[in-house]
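One structure is given below, represented as structure tokens, and several questions about it will come after.
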């Protein structure tokens, strides 16, 4: 009770450094102006929460296709804020938790946040946290409801809180009335053009030389019959890795794997 | 048992001062005659409960779009009553509660109310309290049923009780037979016209001068192609805050953000 | 065991006086011959249970629109019987009970009734007791089933039992096979004509004089365009109370509030 | 363990005398040849179970409209068998039981039956035992499954078991695959003609003389416009009781009440 | 632990002699060549499991109409194998078990089987074991899943296991993906022709002489208007027993009862 | 705690040798070039996980018809990797586990994997692990969600993890959003042509000579009227075993059994 009381008031500084680093372990590549725009908006939201007299709570939803880089960008924005309290809430830390335990876990992190002056909570992959599955559909309504409340609950004066949610299922968020609960949205795109793809490939030195790169993209174009890509950065980086395993066949293998990923997206 | 007995009879004075203040932390702006009408009806309901020989229980439902100001107006009416017992029931205080714990919590507040001569209970955001989600749909029927009973249960003679419910999902209330349980309704509107919007902007000194204000509204009109607004006061105040962050671009940013909110409402 | 045995045989006299009084706290107004008919049938059912050699159990369902006076009339019939055991079963006394606790509570009251020679059990607002909600629909099947059994279980010879159920959801009772379980039905009407309404208003002295009354009804007729009313006695009495709060405007306010209630019924 | 062992082997004689008597407290009136036929088939089934070398288990389903006399006839057949073990399983004895407790209770009665040479188990009102409700539909599948097994489980050699089930929801039994589990069926009819009705009224001396009886049936015919009746014996006997309460109006009241019951059946 | 260890390795010989005998208490009548074929296939499957180097596990599903003799034939095949371990899994032994207890019970029997060199497990009436009911439909998915795993789990080298499942709901097995889990199927037919029926009646000496038999079948033909039968052996034997009760009327009663059973099958 | 701490850091080497061997107890027959291709891709994925700087986690789904050899091929790939930690997760080891116990079991295996430098986890027969049944459909969402998280959770630097999932219900995986969680897919085919079938039969010496083989395939062709086969290797090997039981009839029996399996696939 004394300890509890203490616990109530003691500031909870703390940043999930390692988790943030893991989330962007392959860095942030600037393959498109959109990336910079997202980071710029992120900085503005950070400033708004830090400075505005009227806005002590702001919630932003980063949405985009699977593997497009949502978690990495949220981590980048959070890290750059240099806020004393930054936590990443992820289903990975809740495997085997009961519904109640999940809710307590969520509640604990927000309650901790209310003790530090400036806070960021990243709620990563919301569909996984609420245990969404399209068949049924089924999900944990108790967890969803707790989240809905925590996303709108004002921190006590004069604390500030920025919430960054991520999802690849924006339509699900809408169906659940969860999207409207966020104050603002940021759309994270796929790698959409050969130009963007080339930019990535150069930056990660996927090929030994420019002509290999050109050949591989030509091959990709000839398989798919289009200049569109529509694949997330995560899968592109994986394809680079896989291609590199097949020495002597890197150019072709890369094109084939990306083509398969494009087909799977349609599928 | 002795203590319990004592607990049964001792009057429970008490007002959730802080929660009421937080609920209307940005004040009540009089941007439209509707606002005054709502407050006037509120006063009449307070008087009715206080004075009428026949009406010892009255329940009123404040409904309106998200962020239109329902909770703030309920708080204002409650505060102005100067009743000795005013409690705000909110899902925020029940995160992590089991269904049973929620029901006990609700029951406790009403039971406390029955001990004081004049009481107001604000049941805020009913859809959250009953854990409503449109998919399914799902909700906590035990909590709903407890609420239905508590909303109609007469306080013991000579106690008086005014219940102020709020919801942004009036049609849900109707589907659940919950709307008909309220004796009276009050509709809380959005900010609907440029005129009302201008009134708000002036009151909060959003711009440095009238010409900036005019320019920003012109800009908004040119983006949206209409003089209608249809955005709640809460979002407007947030847009003001966000715009102010971008020095030099306040006029445009405000128009853009409000335009986005209008689009999201359609969405 | 000895105590239990004792408990088994000792007669359980007892009448829920206070609850019966509360149920008809505004009295029974005779605004229509239907009211007297209902009370007369009630007396006949009481006599049947008291005197008939063959009928030791009788169950009667009072059904009618919300606020039409079902509970008050059931209370009146029960009170007038002067039976030594009269209990009112209401959801109000079961807030926070588990399903099992509800069933035990119901069972206890009937078991008590089997110990007294002449008994009345009022099962008030059955839809609330079974936790009915139209969405789903959902309800407590265990409670419903217990009720179905208790409504048809004969008291031991020579005990007599009259059960008075009330509901504003007769069609729900039918869907649940619950209506057919009652031996007899009594329909409780709304206040349907201006004549009946005037009779009520005179009896409660709603207006200072007959010309005010006439003016108010004229006003109501001009707003609604009809001579039909279709509002329950409970809402009419509330409208009287509310109108009286606005001194100088009683005539108009009454007409407006009743007109609003008529509109709400249309939904 | 010793006690248990003992319990395993000791014969369980015992007849639910009182419950059987209560079930046919108004006797068995012979208003139609069907009644005698049912009792005759009942005797044959009793003999079959008693005497046949090959049939040690027989299950018979008595089905018919509500109040047609199924339980009374099952009780009559059981009583007349003079078997040493006769038990009546009824939902009345299971109010407040959990699903598991219900199953244990059912199992116990059958297990007891397996210890006596000749046994009858009446499973009364199966829809209530399995907690059937048409909305959903819902029912207790564990109880249903236990029943399905117990209805087909052979008693150990040389024990004999006759099971008499009753239901007013034969189509439900069919939907649940429960009807096909019974070896044989007996249909119990309503009182269908004025002739059968007159036979009942004479036997219970409903009227003082034949001319009153004729007048009442004429009245009934004139209200309903038909010579068909289609009401169960139970409701007819109740109508007799209710009519007798209104001295001087017996003839009319009887006709009115039966007419109302006929209308309710149409419903 | 020592005991456990012991338990792990000690061979579990054991045959459910009594249950197998009860299952075929009326013997196996050879009224059709199909019967011999089923038994012959059964012997082949027994040999396969006993002798084949590659097949240590084989699962066979006996399916057919209710009462056609599936359980008796499975018992016959199992008995004739003379395997040291033969167990019959039946819902009869699981009345009142929780889902978990059922699964443990199933698991225990298979685990025991893994300790003996040659094993047969009869899984009788699978629809009852998984608590299937067509309304819903509902069933115990945990029990079903456990069964699915146990039906495909290889016994440890060099143990051999033959699984004989029975069901009268083959289409249900298919809907549940349970049918495809069995390696082989055996179809058990009804008694389909008068010729087969006569063969049964002669073998059980249903009538005193051939002319009575012929007369009874003629009577049956005249009632039903067909030479088809389509009734299971179980019901035929029951009809014989019932007919024999009515001395002097055996010929007619048999025809009537079988005709009713044929009608019920249509029903 | 000390022990726990130890447990946290101590490397968990360990390979489910026996389970891997059992899974491919009939060896890997090379009846088609597809088989070699699958093994080759398998080796590439092993290398990728072992060597690539960027890919520390890779998940591959082997899908194909029932009995086509998915589990055996996954076991082969895993075995050939010579990784120090290889575990096979199978529903067989979870019979009787509660949902929570299953999740703990899954979590434990992955947590163990995170302690060894190079790891393979085979998640066999995913539909069984998540307790899928098509009616409903029903499945364990908690287990599914845990799996979804574990399939995407990165091992801590510098650990490497290859996950090999198997399923015969790829469309179910897609409906559950589970398929998209895997990085790559491998399709395992049935035995499709007589040529492939002959290759198998020769390798396992199903017949005494080539002319018997030819005769049996001719017989099969004449029964089925096609050269297509479409049966999994598992069923073919079973048919070989069964045919060999019938000495003198091997040629015909093999054709008949395979024909029946082909028909069942249509069924």
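We call the chains A, B, C, D, E and F, going by the order they appear; numbering starts again at 1 in every chain.
One rule holds for everything that comes next: a contact is a pair of C-beta atoms (placed from the backbone, for glycine too) under 8 Å apart; a residue touches a chain by one contact, two chains touch by 3 or more.
All of these numbers come straight from a predicted model, not from anything done at the bench.
Peer 1: Compare the two sides of the chain B and chain C interface and say whether they are made mostly of the same residue numbers, over half shared, or of different ones.
Peer 2: different
Peer 1: If every chain is reduced to the average of its C-alpha atoms, which one ends up farthest from chain D?
Peer 2: A
Peer 1: Name the chain whose C-alpha centroid is most distant from the C-alpha centroid of chain E.
Peer 2: B
Peer 1: Would you mind pulling out the distance in Å between where the CA atoms of chain A average out and where those of chain D do?
Peer 2: 66
Peer 1: Approximately how many whole Å separate the CA-defined centres of chain B and chain F?
Peer 2: Taking the mean C-alpha position of each chain, the two centres sit 57 Å apart.
Peer 1: With chain centres taken as the means of their Cα atoms, state the distance from chain C to chain D in Å.
Peer 2: Inter-chain centre distance comes to 33 Å.
Peer 1: Which positions in chain E are in touch with at least two other chains?
Peer 2: none
Peer 1: Thinking of each chain as a vertex joined to the chains it touches, would you call that graph a line, ring, star, complete, or other?
Peer 2: Graph shape here is a ring: one loop, exactly two partners per chain.
Peer 1: How would you write out the ring, from chain C onward through chain D?
Peer 2: C, D, E, F, A, B
Peer 1: Under the stated contact criterion, what part of chain B meets chain C in this complex?
Peer 2: Within the complex, chain B contacts chain C at residues 44, 47-48, 51-55, 58, 100, 103-104, 107, 137, 139, 141-142, 144-146, 148-150, 153-154, 174-177, 180, 183, 185.
Peer 1: Quick check on the complex: what are the chain B residues that touch chain A?
Peer 2: 22, 26, 66, 91-92, 95-96, 98, 128, 131, 133-136, 138, 235, 237-238, 240-242, 244-246, 264, 267
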